[in-house]
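You will see two complexes here that share subunit A, one where it goes with subunit B and one where it goes with subunit C.
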Partner chain A sequence: MRVQQTVAVGTAKRWLKRGAWLSVLALAVAVPLLAQVPGPDYGEFGIFGLDRRDAVWIAAQLHLLFAAFVLGVPMFAVVIEAIGIFGGDKKYDKLAKEFTRLLLVAYSATAIWGAILVFFLSTLYPRFWVYLTGIFAPSMWLYAVMFFAESFTLYLYYYGWDAWSKGAAKKVHWVLGILLNVWGTIVMLIANSWLTFMMSPPPELTADTAPQSVKLWSAIANATWMPINIHRLLANVVFGGAIVGAYAAYRFLTSETDEERAHYDWMGYTGNFIAIGALIVLPFAGYWLGREIYEFSQQMGITMMGGFMSWLWIIQAFLIGILFLTGNYYLWIGMGRIPGAERFQPYIKYMLLVLVIGVIVWATPNTMIADRDEIAAMGGQQHPFLGVLGVMSAKNTAVNLMILTTFLSFLMYRQANKRPVVSWAKAGTVLQFAAFAVAAAVVLFFGIRGYFVTAIVRIGFSVYQVAAVLATIVFVIGIDVAMSRGAESRGEIQWGKMPPRSQYALLILAVTFTWLMGLMGFARSGIRQHWHVYEVIRDTSEQAFTPALGPAATMISICVLIFFGLVGMIFWLGGLAEKSVYEEKDA
Partner chain B sequence: MKGLRHPFLQGAIVIAVGFVIFKYVIGYVLPVFGIASAPVPASVVFQYTLTVLVGVLLYMSAEESRWEKFREPLKRTMVDHDRRRLRGVLMVAIPALVGWLAYQNVKPSFGAPATLRSVHPAPPNQITYRGLPIELRGLENPLRHSGTLEEHVAVGRAIYTKNCVPCHGDRLDGDGHFAGAFNPIPADFTAPGTLPQLTESFVFWRIAKGGPGLPQEGAPWNSAMPAWENILEQDEIWATIIYLYEQSGASPRTWEAEGEEGAEE
Partner chain C sequence: MTNLKILFTVIATLGVFTFVANVIPQVQSAVPEEIILTEDTTPEELAAIGAEVYAGVGGCTACHGLGTRAPDLVGVVGGTCTTRVEGQSCKDYLWESLVNPTAYIVEGFAPIMLDQSRTLDGAQLWTLVAFLESQGGEVTVTSDDFAAALAAADAPPPPPPAPVDPADIDPRQLMVAQGCLACHSFEGEGQQIGPPFEALRGLDPEYVLRGIVNPNADTASDFAAFAGTMPPTFGDLMSEAELSVLVEFFVTGGQ
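On to the complex of A and B.
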């Protein structure tokens, strides 16, 4: 254990402290100095051909990705540890600890990028930075306190793992894990208030309002704060699961023994299960956020969904289509290692058909890319026949059917090696299928009906569609749990007997989630257009323009590449530390 | 017929059928049966066919024995001695095909390049009409609460016929006498994506401010629409809007009541 600690944690601890201190130092220095000394509104930056906005963009995006890592993975770890404690299976405990070890290095990376972001903001956007600190200074101090609480709780959580591994001490250790999540969530809520303030400041705020006169709580509890909080919280669970899946895939592919492969196969499945499970409810949180953006400013909402950012949603549809296809694909391949799953094989092609049609419908653009001749033939940029697929009725229907199909894949996977013994098993199966059929019928009915009613009525239909899908999921799981009691096994799952392509599917999921976060983050931030604080503080720099899709996509992809380069290093360090432990034991 | 059971052939047939449907059936067969359609833009055909290709590959590789069988002809073509002639032909044909496709993409053409236009500009919260401020958010058509519908439709029809028909057409379908001279072409008010998706305040903003009043985002708009606030009175614009909705049979999008759940799509 000592070797492990010294290799992975020693430097991490130092980096973490440095990063955190530097952040606080930058805050402390910037506020009094810049508030008093007149100077330029913007600083100069010209390294590697990047301008000041590029620099802040990269730092903010990487900070956010690592922050999502260090918020998502502890959620995962604490749940897995609880399963280990209350279920009595030691392998869960081992898994939770393995991830906490990765967190130590990831924390330092988060702190470093946070410090870089603060330095860039205070030196490249000094006037705006002073404005923000004028309003939010107390929350920034609280942020620093919470950050320290989080860091030291993490140290206690990790280093105390073996010391507090039995009886009541183990439960106290688990409470530490919960506390770690609580501090992390508070840190996220505070940071969210700063960025949502820039999007949706309090309505009474004008350009002439002195920042010191703004009430802190009105700035924090702005119109989009809570929707973003919920959306990010759920997304972090998804991201944590996906990163766990990617780590497991990496370790699976580099494993040399069947035992290791079995462990990492199981870990990959667990990560993927959590990621896809949370993903199913994520669109509803996103929908709420979208509604709040419209409520705050119709202009902002239309810019996002119907204006120049609308094509981002087609790209998003593609990426989410990849998530659905890949997530299901992983489960279908996984059935190859479950005795009894053969009976479900004939249905896969129909489920795939629903998913492919769903992706086609969801990614059909309302305004198509076409040359002059094609536009002339269509009589505009909307296709006379395919145009019906470009509106929300079609897209809501498609995504709800895709969610139902994905849930059906999970159900098949879960039931694959079980033979129910309860007397009502047949009736239960019929009920489950009836629930699926009713949900699909409700989704289709309201999808088609949506074309024949006014927009205001149509919006309400999406609630019925979502309710039908969620109710079916709850109902079917309830029956399944009852049916599985005392069920006979058709054979044990042969963990580790997975082809390598299944692991690449897990890696694709993690990369796609990360890309989506960058893309949608750009949409959220970009809809402010030429405002630092929407319709209050104008961006007067040369970079006030909103970048077109191409440059934005390039920048986001660069951030994703850097992130995975660094995450790859963290994974490698994790393996290195473990290797050292094995060598020590062997010696 | 036995060959048809081979996964590789089945996959190839599914992709080919998909391509034929996207490229030809939607564009050319549906109109024969009286269904309104048009040739599908190349970008969309590519997008759809790619999705089907991915679906086929996922299906084939989701089960080990099927994947083995699917790969078998590819593997044999690349490795087996008795397929060296076919291999030679493919080694010439595939690069030639790629080269031809590349040439088709880059060769000089007289056509305008493919465009990606946003046709849904975001309205401001407030505009000025001849200097007077008007709050657009929550704004309703004032004529809906005064006079009779017939009167407003009659006024609107006269104004539309006098000012709008040359571009937007007497059938409101954007096919007026001058329409062919514009790029982008005038809006088609009979399309489901135009009037039914918009509040009357949005239509008022577009008529009053025209092309010059379009927001900077999404520029260049290249819209030839005049700013009618310089020519028409406010009530004349509102009456024209009532005529547009009545004549096209569409209902305007409505604002949500205060405190009611929901937002625009």
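On to the complex of A and C.
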């Protein structure tokens, strides 16, 4: 086993070193040289029929996907390691280490794509790159330092896993994991400041402002920086969980022993649990980000929600509908391997009904660009019937009920094989049921009431709906944890006894999460329209227009396909290395 | 075989997403083009320029199109404009709505719109009228309509106004003339779109000045829903002396 790790990790280490050096080298060379050399505004690119924007788009998207993975995974690797340390169950420690092994290889890919992105930016958009470095150069150097700190900590964290596995040394090792998260988060915060500056530059900035005269902190702490930071932190956890789930699904499907299948079934469940759990709170962070965008610029907000991007949100609703349905489907299949879960089966069809209706309502269009014929056919700007479902009152109600339903699926899954023994178990169950009923009633009440009040009052209602759902989640979990103490088992979960379709559901979840990230990235970047820096630095290249959803979707799919191709290769290489070691040992 | 199934799952999922995104209506955001307005400009070109003004410098979409602050216009106003005021043509109604927006208020909406001639020139206003007419109606704006506006644009800029003694400026009159009460209230008059002026008493004069000349820099939390409504043009519309007098008036509570 030890030899097997060395082979796989040795490959990862080489990748890691190359990637890290490439990325830092790119920053070190590009920043000082290009900041001094005058030249054209844009460089030429024409490989594989791609233009300069396509090249930057692909590099940025792939860098971001790998980066999201390497930032998300350490968060829950540390939490799972802590569960292993403080709960005393070794299987959690093994799982955390396996997560981290994936991290090593993905980290190198992140660095490589980061280096490609820097080279593309500095050669294809030299003038704009010089402008950015004029403002952000000190933060770029800090980025490089943090990158080294993160790399070094990751080495220590992974390679020290077995050496520091007992007593106080194990806790020190755990602290290393926390440090890894700290460095990674700082790296993300710095990079986020660059891109959010392009979206929401400080209000005093004009086209005539010399970049060197811009105060660094005002450029960093711009209007959308913190909302993006929070949104990305949560999204990275979701994404990390989904990719781990996909890895586990791949390993499950290619496993040859029941033991392996049991392990990867459990790993897939854990990854999916993390992904869906974080997804539940993600819309709230998204709401905050949207609000900040509106506060920064009404024009930008309207472009995003009601302008040429309005159809994008229908696609988003379609994707999130798939996530909710597939996530719940996976859980419902999973109940088949839990003794005692059969008592919940009759309710599933009703939960499915709520989810389907929720998706339909959420995907109903409201305000969007339509031509004269389309408006005439509808009899107005809004459809006479569907227009009622397309407003925020209906949509907020739908999404909150979908979140409640998904949480109910998790709760049923969690309680399936338990028989509480505490004296107040019956009262606890009634309280949980009542909490769900009250939350649903609050959500419905404010959803309906929203049709009869002014917009300013209606906007405030969404806060009550969200608060009711979050409070219910916290309250019900609290009761559940207390009620589960000393609970009798109705039978052990039969890990590994899952039909293959459940694993394909995990793969679809991972692909959908990834594609959704690409789509939201397009939305965030696209609302700048023909500006490099919104209303400050104009994009004068031939690619200044913002593409329609179709071409954008094609580009996103290409990026996702490359990403999964690379990830698949990493998974395959890892399996190949393990296989060769097994054969060597057998010989 | 398993690897092929996995590959198929990934590609099929991506294929569905790509297909759905390609079959919905495709709207591309084009870069605004600079179009020169001349007497030969056709109604279609006028409407096209007006569309740019509507979505851009006019800032119309900050309120119109949301369905809550102001009536939706796109696609419909060219038809409804003739039904608003009896005997008034569509062109006249739309022009009046731009330069004297409180003359007729559509039922269910508050009188929050400002006189657009303070921020847009005559030619831009006529292109807006043309664009709005095109939304469900026929464009009737002609070169005669905007000839005067073009002549004004070609005329040499007026000499800068003579310095005014701050003591001669009446802040109450200035407040009314600038249309501040269309959104703010003072001593019971005006609207509640922005904070009441009484709330500015005792505040830092520099903060109040910034709120006038750069209104989107800060937004009072109680009025966040109306963020972006106030035009950032008041710094240009008032002289330094007028701004100084107005700020002094606000921070001293109207003394």
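Heads up, the rule we're going with is that the second predicted complex is superposed on the first by the 526 of 587 C-alpha atoms of A that agree within 3 Å, B and C clash if a C-alpha of one lies under 4 Å from a C-alpha of the other, contacts with A are read in each partner's own complex, and residues count from 1 in each chain.
Methods note: a contact is a pair of C-beta atoms (placed from the backbone, for glycine too) under 8 Å apart; a residue touches a chain by one contact, two chains touch by 3 or more.
Keep in mind that this is a model prediction, so the values were computed, not measured.
With the C-alpha superposition on subunit A as described, subunit C and subunit B clash in the combined arrangement.
Of the two partner chains placed by superposition, only subunit B is touched by A:364; subunit C is not. In the overlay built on the shared chain, the residue A:508 is in contact with subunit C alone; subunit B does not reach it.
In the superposition on chain A, A:308 contacts both subunit B and subunit C. Of the two partner chains, both subunit B and subunit C are touched by A:546.
In the overlay built on the shared chain, the residue A:529 is in contact with subunit B and with subunit C. In the superposed model, A:329 makes contact with subunit B only, not with subunit C. Of the two partner chains placed by the overlay, only subunit B lies in contact with A:385; subunit C stays clear of it.
Of the two partner chains placed by superposition, A:44 touches none, neither subunit B nor subunit C.
Looking at the shared chain after the overlay, A:294 reaches both subunit B and subunit C. Clashing C-alpha atoms with subunit B after superposition occur in a single stretch of subunit C, namely 55-63 (options considered: 55-63, 163-171, 199-207 or 235-243). In the superposition on chain A, the residues of subunit A contacting both subunit B and subunit C are 291, 294-295, 297-299, 301-303, 306-308, 311, 367, 369-372, 375, 380-382, 454-456, 459, 529, 546.
Across the interface of their complex, subunit A is touched by residues 2-3, 5-7, 9-11, 13-15, 17-18, 20-22, 24-32, 55, 59, 61-62, 65-69, 72, 74-76, 135-136, 214, 216-217, 219, 224-225, 227-229 of subunit C. Touching subunit B in their complex are the following residues of subunit A: 290-295, 297-303, 305-308, 310-311, 321, 325, 329, 332-333, 336, 345, 348-349, 352-353, 355-356, 359-360, 363-375, 377-388, 390-392, 451, 454-456, 458-460, 499, 501, 529, 546. Chain contact summary for the complex, subunit B toward subunit A: residues 26, 30, 35-44, 47-48, 51-52, 54-55, 58-59, 61-64, 111-125, 136-137, 173-175, 183-185, 188, 191-193, 196-197, 217-218, 251, 253-254, 256, 261-265.
Those residues of subunit A that touch subunit C in the complex are listed here as 203-204, 250, 253-254, 291, 294-299, 301-303, 306-308, 311, 314-315, 318-319, 367, 369-372, 375, 380-382, 454-456, 459, 504, 507-508, 511-512, 515, 526, 529-530, 539, 544-550, 552-554, 556-557, 560-561, 564, 568.
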